[in-house]
Amino acid sequence: MITKLDKEFIRTLARDGKRENGRRFDEFRPLKIELGYAKNAEGSALVTLGETRVLAGVKLSVGTPFADTANEGVLMVNAELGPKASPEFEAGPPSAQAIELARVIDRGIRESKCVDLEALCITPKEKVWIISVDIDPLNDGGNLMDAGGIAAIAALYNTKIPKLDEDGRPMFGTDAGRLKLRKIPVPVTIYKIGSAVVMDPDFEEAEAADARLTVTSVDGFLCAMQKGGTGNFKSDEVVRVVESAYGKAAELRSAIKDALGI
Amino acid sequence: MMAEESKKLITGGRRIDGRALDEIRPMAARTGVIARANGSAQFAMGDTVAIAAVHGPREMHPKHMQDPVRAYLKYTYAMAPFATQDRVKPGPSRRSTEISDVSRQAFNSVVFLEEYPKTGIEVYVEVLQANASTRCAGINAASMALADAGIPMADLIASCSAGKVEGQIVLDVAGEEDTEGEVDLPIAYIPRRDEIALLQMDGLITLEEFKKALELAKQGCIKIHETLVDALKEKYRHIELSVSSARSEDKEDV
Amino acid sequence: MITKLDKEFIRTLARDGKRENGRRFDEFRPLKIELGYAKNAEGSALVTLGETRVLAGVKLSVGTPFADTANEGVLMVNAELGPKASPEFEAGPPSAQAIELARVIDRGIRESKCVDLEALCITPKEKVWIISVDIDPLNDGGNLMDAGGIAAIAALYNTKIPKLDEDGRPMFGTDAGRLKLRKIPVPVTIYKIGSAVVMDPDFEEAEAADARLTVTSVDGFLCAMQKGGTGNFKSDEVVRVVESAYGKAAELRSAIKDALGI
Amino acid sequence: MMAEESKKLITGGRRIDGRALDEIRPMAARTGVIARANGSAQFAMGDTVAIAAVHGPREMHPKHMQDPVRAYLKYTYAMAPFATQDRVKPGPSRRSTEISDVSRQAFNSVVFLEEYPKTGIEVYVEVLQANASTRCAGINAASMALADAGIPMADLIASCSAGKVEGQIVLDVAGEEDTEGEVDLPIAYIPRRDEIALLQMDGLITLEEFKKALELAKQGCIKIHETLVDALKEKYRHIELSVSSARSEDKEDV
Amino acid sequence: MITKLDKEFIRTLARDGKRENGRRFDEFRPLKIELGYAKNAEGSALVTLGETRVLAGVKLSVGTPFADTANEGVLMVNAELGPKASPEFEAGPPSAQAIELARVIDRGIRESKCVDLEALCITPKEKVWIISVDIDPLNDGGNLMDAGGIAAIAALYNTKIPKLDEDGRPMFGTDAGRLKLRKIPVPVTIYKIGSAVVMDPDFEEAEAADARLTVTSVDGFLCAMQKGGTGNFKSDEVVRVVESAYGKAAELRSAIKDALGI
Amino acid sequence: MMAEESKKLITGGRRIDGRALDEIRPMAARTGVIARANGSAQFAMGDTVAIAAVHGPREMHPKHMQDPVRAYLKYTYAMAPFATQDRVKPGPSRRSTEISDVSRQAFNSVVFLEEYPKTGIEVYVEVLQANASTRCAGINAASMALADAGIPMADLIASCSAGKVEGQIVLDVAGEEDTEGEVDLPIAYIPRRDEIALLQMDGLITLEEFKKALELAKQGCIKIHETLVDALKEKYRHIELSVSSARSEDKEDV
């Protein structure tokens, strides 16, 4: 946690249009994506945004589909805010914060329909691929939501589908082809500090914020949103903020595509 | 398959349940439904029914969570096991944990927590029947229950969802619109301050559509807000009546 | 909890043959049963006994039978004492009190054999109906045991069995016929306050009681009993108490039948 | 099927294991079986065996559960994983939670808890082998263990069950009587006060049959009470012996 | 827990080559094994080592094999340190101590290959015997590790495999033959008290110890080891200690064989 | 089957990955990898990678676990869900609980806990990639992280495993050696004191083989210890550089 004084300082700066780190309000820290960082995952990516580092890993397994989507694979996103990443995180079952992180990233991916779940059906009603995306923050330097969302999509992009043995069990390490992504959903979270709105806060800025709005979008469409924090947005402010998040996502998307070599 | 394709959710500006695009389902709002709570309320919009109880302000347990300058607001959203088609296993789920948390944050911005330092104010919401927009119904019930408990707030929060169904923006998604529709956008709104206290969105929507949906949801909240205020007035009318009749009795005593 | 003083007052009244609420010792509060209160349940009932309100809902699903009763459906009763119903109830996993409530109601129903479990077999050894009865107290105004037991049996009486689709999964909302009840088991709990024994206590009376005995009966037979509380009954007192509970159950049963329209 | 029908549980007034209708299985009772407990005992009735340990009176954890005027009595009933045909998963179940709770309430009425304010008295019962009436065996073991720990009680509680088998009222149901019988009625009884401290009943029984079964169970408890008392005397006999031999040694020292 | 003074006393004695109980450093307390102590278990043994009493029970069930050992039965060892056995043990899920106890005993049995898991296959890939060994300490008088390990192996030796009914379910109480043991793995734990090393400590000695090393061995081979405690062993000391544990195990093994009647 | 039999793990004194019998996989060690921890490090041996963070010394929660004379050392070993072939369910397992406990005990003997009474020192180790010897990699990472946090220790602990593969004693088992090999012997070693702080062993091994394996593992630990020291020197070199450059700046200021 940061002190009341630090919080005040950040808010005063923000009122004057400034950030302690010298960045513009809508300026992200340098983004770095390392694909294949975790070799036992079918896909993985380490995303660095300044001091923030988030590792995402994708594991595949074979299981039964849900009854109401009997011809589709299953996608699950999980996040743990393990105490290694921050002195604030506690051991134990996922906190509300970790659950929100996972669910917001999950919805961004799911609603964008970027993964063709029908292509992950092996035998209708019986066998489908289960995709588990695990978000593992290594250091919480602020803005885990965006870093985690980018790590998840990069890890999915990096995913190789294993071949199946004669009993229909995956042979890990083999490669029967890449998981195909139809779109690149990108989350951008806007933080409200006093009356200012900033992007990609570092840890102290995130702590000083009153509210945040995560907007995940693909080309042409918003696909998921989530407001958080005990402060609020005016209703016209929401519209402005969503527009700027959508614009920034387009910018980030081309950086991500460069990093992925698309 | 063909049957499904031919089934239209919107025909001639009317929805499958007969509503106009900007029409909320019939509402029912009532306070004082749980005698042993400090405050309580039940709110229904169509077949979605939520009940809310407020305990406190009372001593906060565990003690290390006491805040010396304000009350701690606890908000628990839960489903009755029989509220949905498939039985809901009791106990918190990832979904209910998230809804509880965003709802708690929404109320944090209106309840005057500084008036009750060191205490806990506990809001328990249970969905008795689910037909879409359960978090909205829960917030509306909780709003009334907090008022019923006499806890001071800057305003009543009202909550409503908009959606996109067959490419059209509609208010208060329900039934097949929920399962077949393209977008769900629940918000919570504070009319007196024109503030959005909760906002979640799922589904593919353009910026222009989003603006339209947000505005529609806001108008829905304003209507719901009136309903909540009316229900609370009803309560105070009863109290007033009792007070006046008590006075009459006083007179008779004289 | 009630104060020691309140407790003393209630006990003193009871010694003098009186109750603060003016009722006779064996007098129940007005009983009201609203069937179908929860529309997504296959059966439901809201029972009101004075200030006490208990909602019971029945959900059906298809599952595998237990190995030792391969031709029978499965009946399960669950109760949660959620904090909404009383400032005394705590969040978290079911308390001993909630477990006892569920199990006593469960035994009353099960031992009466009022539900024909064999009629709930779909395919022997493979598929049977699973009946889940959930007891959900909305307000604890005392005597949850009897209100809950009546709510459970009324909800079962209200239950429609759904049709099955071609994959053998229930189509909720459809109606393939009513669940048939062969009997109406009714629990009556006797509370001992000092040397007095009262029925249907309100919350304060229940708190002031030393011991209680729940007697569930059907026409002609007792079917389940449970003693609770840290006080005891003399052995001849038990016999008298059981007799009066049995008598009162017959009285309640005709009121219930009226409410159910039987 | 035919075989099952022809199998009779009672023939000529004798039960399948040869007992008379009002006969308890052979009992074995012993104290001091767990050296590191303050008090302990093992009780067997036929193939049902329970062991009990008592720790305390000792400081109560967590502190907020301390009662300033009396000890808090904790009672835990558990099954060894290998006590039944199907392995029992360790940890509390709904069944064991209920049995623990009704047993705790029974002992609350005889232990002089006021003698040890703020402390906890913890009773741990484990069923090592189950063949019906396990809660009864547990209570009998716990009774002895509490006495063995020197904790003052108004009386020893004794526990026994009656049942209805092929329409007849029998004492201490066991084996196939348990699975095929019609009624199970476990009680706990305090002879000195003629009080019923625990009573549960399952199965269809008439009022008259119930009266008969209750009386039979009570008589069973009285017999068991004697067994418990004898086992405790045995212990004190040993202590007396040690004391006298200690005295002899004292003399020798002189 | 023992007092600091008691600890000091035990350590001082040990420095002088003595034990309060008068035993030699490498002297075990009298070992007693009662087979078949728990009649509803397929196999059981009560082991007494002085005041220490540990009951082990074996239950069999039929289940599916692990995918990577599709032709083998499954062996599981579990231990609970229930509060009955010691005022130090707490209620609740297994402590780290209980988990270690179970896992060390498990490895001793598993690595020795004393149980022929392939003989426990009923139908390859589908049905195998699941063997659950439960360690249930009745009184913790020190050295639960060795007493528990001996109880486990004796209980396995005592195990009868039930016959299967026509549905392939075990008929408990029937006897289709003994579980065969190919070897008798015996754990011996060496405790380091100051610079002394003692075997089979009673409760107070175990509490006073700085470190321990459990060495499980069969004829000719070590099969599992585990160091515990916050103190350490010098590296040459480890070698000496392992040798003496191996030697003592041979001695105990013949005592165990006598008790088992082999 | 035949293929498996013909596959040799050791041929001509060389292992399947080309290493000599007494050769450790390539190592990579780095400190300061988690900015918000007091100390942190990452350690890799071949494809086994572990990361460690140290928080504290800081106030110990819950309070009743505070030790008035020394710090409480907490050690948590965990696997990333994607660290192995089959996804690892998050949360502690029996395996991870045991490894955490024996690792904690190992560090207890070197950290000067008396310097920080009443506090907690928390070590969190996560295996990012598992290819055998994960507890060893974790301990090596933790050793560096503790040093990086400036917590005084008698020595750095180093950890390595030896094994028996096709009857031969080898150092740092990996890959198919782990699944097909006969013995795994992980140890943790404190070179300055010649003490074994952790020792576990699985598999059939003779006394003579054990002696050889223990000696080999010890030699492995000594080599790893050098790597850890070098990585820390690297860190201090950076600090020194910063200090000298800071001094230069000071000068310039003058």
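Per-chain residue numbering starts at 1, and chain names A, B, C, D, E and F are given in the order in which the chains are listed.
Heads up, the rule we're going with is that a contact is a pair of C-beta atoms (placed from the backbone, for glycine too) under 8 Å apart; a residue touches a chain by one contact, two chains touch by 3 or more.
For clarity, every value in this text was computed on a predicted model and none was experimentally measured.
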### Steps needed, at minimum, to go from chain B to chain D via contacts
2
### Task
Select the interface copy of D-E from among C-D, A-F or A-B: the correct pair shares over half of its contact pairs, counted by residue number.
A-F
### Task
Quick one: report the Å distance separating chain B from chain E, using the average Cα coordinate of each chain.
58
### Summary
Rounded to the nearest Å, the gap separating the Cα centres of chain C and chain E is 48
### Rounded Å distance, chain B centre to chain C centre (Cα mean)
31
### Inter-centroid spacing, chain F versus chain E (mean Cα positions, whole Å)
29
### Message
Where in chain A do residues touch two or more of the other chains?
### Response
94
### Message
Looking at the complex, which residues from chain E come into contact with chain D?
### Response
37-41, 44, 51, 53, 55, 57-59, 61, 78, 80, 82-87, 91, 93-94, 132, 134, 136, 138-141, 172-173, 203
### Task
Can you check the complex and tell me which residues of chain D touch chain C?
94-95, 97-98, 100-102, 105, 108-109, 185, 189-190, 193-207, 210-211, 214, 218
#### Entry: Parts of chain A lying in touch with chain B, wherever the complex brings them together
94, 96, 99-100, 102-103, 107, 111-113, 213, 218, 220-235, 238-239, 242-243, 246
### Summary
Given the complex, residues on chain D that touch chain E span 33-38, 40, 47, 49, 51-53, 55, 58, 76, 78, 80-87, 90-91, 122, 124-126, 128-131
